[in-house]
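There are structures below to look over.
Shared between the two complexes below is subunit A, which has subunit B as its partner in the first and subunit C in the second.
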Partner chain A sequence: MSGFAKPLKIALGLAVVAALIVVPMNFNRYGLFILSQWAVMSIAAMGLNLTLGYAGQVSLAQGAFVGIGAYAAAIMTTHGWPLPAAILAAIVLSFAVGWVLGYPALRVQHHYLAFVTLAFSTLAFLVFRNESWLTGGIYGISNIPRPHVFGLATNKPLPFYYVCLGSLAIVSLAVWWLIRSPWGRAFMALRENPLRAQSLGVDTRRYTLMAFAIGSALGGIAGALYAPLTQYIDPVPFNLSLSLDLLMMVIVGGAGFYFGPFLGAMIAVLLPEWLRFTEGYYLMLYAVAVMLLLIWSPTGILGILDRYLAERRTKAASALRAVAKSRLETVQ
Partner chain B sequence: MSNLFDLLVAGLATGAIYALVAVGFTLLWQTSQTINFAQGEFVMLPAFLILAAMHVGAPFWLAIILGILLSMILLGLAFKLLLVDPMMRHGVLPLAIATMALAIGIKEAVKQFFSAEASPFPSIVPTGDISILGQSVSLQSIGVLVVAILAVVGLTTLLNRTSLGHQMQAAAQNPTVARIIGVPVERMILLTFLINAFLVALASLLITPIYLAKFSSGEVLGQAAFIAAIVGGFNQVRGAIAGGLLIGVLDNLAAAYVSMQYRAAVPMLFLIAVILFRPQGLLGRAEERTV
Partner chain C sequence: MSAVLEVTNIKKNFGGISAVDGVSFDVREGEILGLIGPNGCGKSTLFNCILGQLTPSGGEVKLDGKLVTGLRPSELNKLGVSRTFQLLQVFPKLSVRENLILAGQEHQSNMASRLIGRSDAGLTDAANQMIGFFKLDHLADEPAGGLSYGQQKLLDAAMAFMGGPRLVLLDEPAGGVNPSMLADLKERLVAINREKNATFVVIEHNMEFVMSLCSRVMVMAEGKVLAMGRPDEVRKNPAVIEAYLGH
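On to the complex of A and B.
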């Protein structure tokens, strides 16, 4: 996105944020639900983008962390704890589990790592389904309360949408800061060339674990918001296909691009809704659209933009060079 | 003990089917670095193609031939030309994601154009029980095992004893050198895609009579084949066969002796253990790590 002038970028960003606040005000219940879901999935996808897009560690377990966060929040809030405490617990829990899941990444890479995390995802699903003393088993947990924010109840869809949007904003700022900090650079060094990173003194071991743990913690936050959003959870939404969907969001949006997860989540959550008029065909069309997009641009949507801007910059640069050259020639 | 014997035979039979699917999976990986997340759906689809052919009035044997041919065109030729070829040079991950989308597409198409309900499927091997050494054994299990073993033996003979097979292996192991010594690498890659399509169609014929034809049945199957391929060794055909049999037996024993609820966990834990302690798989060669 570096091709735009800075004031233009800020203006664009403010316009989008204002639109996200104002436009949904007269949306109906279902529209707000979908938009809240987009915010929640964006948070989860942002976590995966950190693990995969920035640190280069393939994970097929992000859905499981959303599940862990959702169950932590559901269990705690139905027992009378406030939501912020539940979110904190979800963060700590998924951070710790994510840290442990990072250990295999120290031994194996790429597709092997993908399979370990895939297995973990399935195991987590089995625990959600079978440990009914804790999770309610296949009957799930119902009547999950929504929080009071500054004394205001968020039971209605619009206030809770603002809770989701606010959380998304906080997480976005935190991630923005993180990837610009030395940590973010260490993550990217890990992705681009682990050997060189290590010889430059980056503790690759610690940063690999960190990439997993922080990415997973964001999944946990998403889950902790998902539970009060739907107010009822059962194991089915947190099976392997959620992990695959989240991975698809990150790749389709553009892995390693800051805005990739927002766009990816938009396509995965909103596009099927827009295609609903085609009735039974909508998921089929969605699948075809994803395949066509990836054939066209394997680096996702932002990859297209990135290529376009890079091309424009080279063109501009070569035009400048041509001008400079002709001037030199006239001087001679 | 008759129970254990029965379990072993049933486990080997399902395992043999997993092995067929896993072998196809490793073939695609070896020749074109395709991780096919739609492999389970590839097994689900041929059964519906056969049912569709029977629906328009073809007799069962003709429907089978048509189904296998159509599978080879759709899941072999079209899959390679339309999806794998344009994406191959962009690395493993985008292609893997594209196959995930393909899996959704196939599932939804079957649900929309055929049925969301499970349909019965005729068996190509005789059903009933026979008695071997005083033990009664399901004839279907034996039949499945025999057909699968024949297919695997046929494939390994092709790969190891014929010139064509050697050319395929060369194309997989070192495409550049293979091209220099005159192996038509592109054609060999296409051939592995056709072989994979044939294997999944065969697996479909064998497994669908047992588990019924349903649009979602590919999920479990794909995962099992996946695990089988990794456990056995990603880069070895015989590894995939051993992995398939092992996972089939393990799965059946876990269902009987661990608990119905956690049966699916046993192969997963086994998978994690194998990857952590022997990442190249039980029978695989150690691969150089890229870094």
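On to the complex of A and C.
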């Protein structure tokens, strides 16, 4: 979004952050739950945006990594471990599993890769459901404690919302750093032209595995926050439909755009709530809205903005050329 | 002059067809070697075998006397072997400058320090210099996909030089480039060859371009080497005239 002046961008960013801190203070319990869920899903979608949007590797398994993170956190915190330790474990575990899941991507791409990751998603769900000695099976894990932060309990919705928001802020900064580092450029090279990337010394194997591992680790962080948010988990929320939801968030927001996941998660989590007044029709309206958006702009919401800004730049440039040309003619 | 690249008896079969059938040659330090031959004679396949994009069915490739057969393209590139492609291969959504930074970044320190280091890997100046050298200044911030065919060809060549390679394999650099731009390209290639002491192997169909640029020319036909020598020798060789240049 290079079309805005820098101070304007910074002011806009600060205003959004301030609003996210101040406005929810008088939200009710349910409003805060929804907003916390938005923060958590944004983290998971940001991970998928890295794997899919930037590095171009299709994955239908992001929901499974949210599940892995959630179960890791639930099991550890109900056994007395503090949440930060559980988050760290969730990161390490989903990073490692994501790395391994990256190997098929070295051989297959696109639809075939989608099917490989889809099979993994199903496998993860079956482990959550059937290995009841570890996961509690269909009864799940309840009484998941919420953490104390600097000695303050976060049992109430507002403090825990701030935990989610703070985590989102940290992850956002880390992803921003990653995207603008040479790694981000190498990820985009994987997406745009892996053949050329190889011949320029880009170790495409290692970057592909990294794209999967880091994206999955962010899914794991989201899961590790989801467990204490709901304080009860069972296998159902982590089935294939979560992976599809996350994929939709990334696509609707705008794959490969930094702010895409925030917008996509907002639409997926908040729009159904806003449409609730239509009662029985809200899911239908939601589905139609998504279809229309993707027909109008296959590159998602930020794709619309991007096209508008590109057009404006082209117009400005041709106006400049026209002025330069007329001046040249006058001189002659 | 010592040999930078030694290729010995390289073979590549696709099913029952041998696209490259026992090709041996060497490339001397600092020279520009032309590689010509009719379409389908195995020139690009030979390039791909040397560069690790294809695994040869037989034979070996040595770089500075060290065996490099079977190395991956990215590993070879880190050893200083670079290339351009016959068909356009740029990163369309990245700007011209970003394309060039990407082309050089993997040669800067290691992967971990590239993550925590500067976002341009310290290459903005080098990229700007390359942009100036190839006269792409007015396009530096444009997405590469928006450039004309000839401009993308120039960018493709510029990218091959960002890592400071010792050996560059150029696959039809002149194809589809207009005459004035072509003169520019030739001038740039000669300058880099002299100043940076880079060695080139150039596949090209434009005879005038090859004969005026190259110190030696190798002619291939049906997967084999037909002739090798100075441009004027090759031009007079009856077998070459028969197979390629026509009567």
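In this section, the second predicted complex is superposed on the first by the 332 of 332 C-alpha atoms of A that agree within 3 Å, B and C clash if a C-alpha of one lies under 4 Å from a C-alpha of the other, contacts with A are read in each partner's own complex, and residues count from 1 in each chain.
In the analysis below, contacts are C-beta pairs under 8 Å (C-beta built on N, C-alpha and C of every residue); 3 or more make two chains touch, one makes a residue touch a chain.
Keep in mind it's a predicted model, so treat the numbers as computed, not measured.
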Partner chain(s) touched by A:34 [first = subunit B, second = subunit C, both, neither]: neither
Touching partner for A:109 - first (subunit B), second (subunit C), both, neither: first
Comparing the two partners subunit B and subunit C, which touches a greater set of residues in subunit A: B
Partner chain(s) touched by A:149 [first = subunit B, second = subunit C, both, neither]: neither
First (subunit B), second (subunit C), both or neither touched by A:283: first
Which superposed partner A:199 touches (first subunit B, second subunit C, both, neither): second
Touched partner set for A:275, first subunit B, second subunit C, both or neither: neither
Subunit A residues contacted in one complex by subunit B, in the other by subunit C: 193, 195
Residues of subunit C defined as touching subunit A within the complex: 51, 53, 72-74, 77-78, 82-83, 85, 89-94, 98, 101-103, 105-108, 111, 114-117, 119-121, 159, 162-163
Contact footprint of subunit A on subunit B as seen in their complex: 35, 37, 83, 86-87, 90-98, 100-102, 104-105, 108-109, 111-112, 219, 223, 226-227, 230, 234, 261-262, 264-265, 268-269, 271-272, 275-276, 279, 289-291
Residue numbers on subunit A that touch subunit C, as the complex places them: 178, 180-183, 185-186, 188-189, 192-193, 195-206
Interface residues, subunit A side, partner subunit B - complex: 58, 104, 107-112, 114-116, 118-120, 122-123, 126, 129-130, 193-195, 240, 244, 247-248, 251-252, 255, 280-281, 283-284, 286-288, 290-291, 294-295, 298-299
